[in-house]
Amino acid sequence: MPYVNIKITKDGASAGQKAQVISGVTNLLRDILGKNPQTTVVVIDEVDTDNWGIGGETVTQRRKQGK
Amino acid sequence: MPYVNIKITKDGASAGQKAQVISGVTNLLRDILGKNPQTTVVVIDEVDTDNWGIGGETVTQRRKQGK
Amino acid sequence: MPYVNIKITKDGASAGQKAQVISGVTNLLRDILGKNPQTTVVVIDEVDTDNWGIGGETVTQRRKQGK
Amino acid sequence: MPYVNIKITKDGASAGQKAQVISGVTNLLRDILGKNPQTTVVVIDEVDTDNWGIGGETVTQRRKQGK
Amino acid sequence: MPYVNIKITKDGASAGQKAQVISGVTNLLRDILGKNPQTTVVVIDEVDTDNWGIGGETVTQRRKQGK
Amino acid sequence: MPYVNIKITKDGASAGQKAQVISGVTNLLRDILGKNPQTTVVVIDEVDTDNWGIGGETVTQRRKQGK
């Protein structure tokens, strides 16, 4: 019964890609740790690039600078 | 001073229902654990059904299949 | 299929009290929002008072001052 | 490589203010704990006032009462 | 630069298994979403079975009942 | 009434350093966003290096390699 929270920047991931991530992580936890897929919960949060910081800057700022 | 985070799928919970959840959880922590309601914080996240997975599938996929 | 995370200071909550909190929150989400208890997950984190701050001070500091 | 999650009510924080928060928290963790800013991640969540509770009430309710 | 938090019950996962989970999730997000592995952060929380609830009961209670 | 969660690797941060982080972050949110320090909550999680991954490896593995 694992719970997985994945935070990514909001960059247009499609419903199909998100379904693949959910299925992939669920299988991984079954294969490596023997966790039951039926009770594995995965929640994806898509975050605005103004609200995500790394290296002391927002992702919006970094992209403007070509980082 | 507990902090509670509740994640639910985005299914049209009304402001009144969310207020009831917040009040109910706050009272529960006061009654069972003696926690001070004045400093109890509750945050509700409503998550798109494309972004919520259980059993290796998104909730969107499961509903299409009538699960 | 809600997911609930409850953070409290580590103050000797018993296994019985934690079971009551888990049961109470699960019932609340069923009664108010119609959520399925069978797939409701609740995780309780107990946090050292040195690691919990409110009002700019740790709970350890506040208790020494009788707050 | 710290990870910081900041939840605030959605009250019109500007992109500039959010960039200042990200830069400030990153510097603080470098100065106090010696953490590497290049791998410090900060994510800000802005939460609707209907979804934020304190003292058993939503922030929406409290503001209507002038609290 | 995704951030992933995985919560599992504390059941003796080895350091090697946890390393496999971290490597597997990081590769998955690179392969499906094109995310940079160098800035992908994965944090695993291992939770006491008294503190994990599903179906309104703690995992400790469920295991005693052979669920 | 912000809520801040800071995750760092468990590397012997002292109670004094953690108190400084809590005080510093609380002041920052007051100064930049005008948030009330009295209801600002900060929770620090210290995570084992076996349970923290970056770049697809655990911090334990990276340190052995001198990264």
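Letters A, B, C, D, E and F mark the chains in the order given here, with residues in each chain numbered from 1 onward.
Please note the rule applied: a contact is a pair of C-beta atoms (placed from the backbone, for glycine too) under 8 Å apart; a residue touches a chain by one contact, two chains touch by 3 or more.
All values reported here derive from a predicted model rather than from experimental measurement.
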Fitted rotation between chain A and its twin chain E in degrees, CA, nearest 5: 180
Pair joined by the larger number of C-beta contacts - B-F, C-E: C-E
Copies chain E and chain D - interface residue numbers shared by over half, same or different: same
Mean-CA-position distance for chain D and chain B (Å): 20
Multi-chain contact sites of chain B, meaning residues that touch two or more partners: 1, 3, 7, 25, 39, 41, 43, 45, 52, 54
Touching chain combinations (by label order): A-B, A-C, A-D, A-E, B-C, B-D, B-F, C-E, C-F, D-E, D-F, E-F
Contact footprint of chain A on chain B as seen in their complex: 7, 45, 47, 50-58, 60-61
Touching residues on chain C, where the partner in the complex is chain A: 1, 3, 39, 41, 43
Sites on chain F touched by chain D in the complex: 1-9, 13, 17, 20-21, 24-25, 28-29, 32-33, 35, 39, 52, 54, 59
Partner chain C, residues of chain F touching it in the complex: 15, 18-19, 22-23, 25-27, 37-46
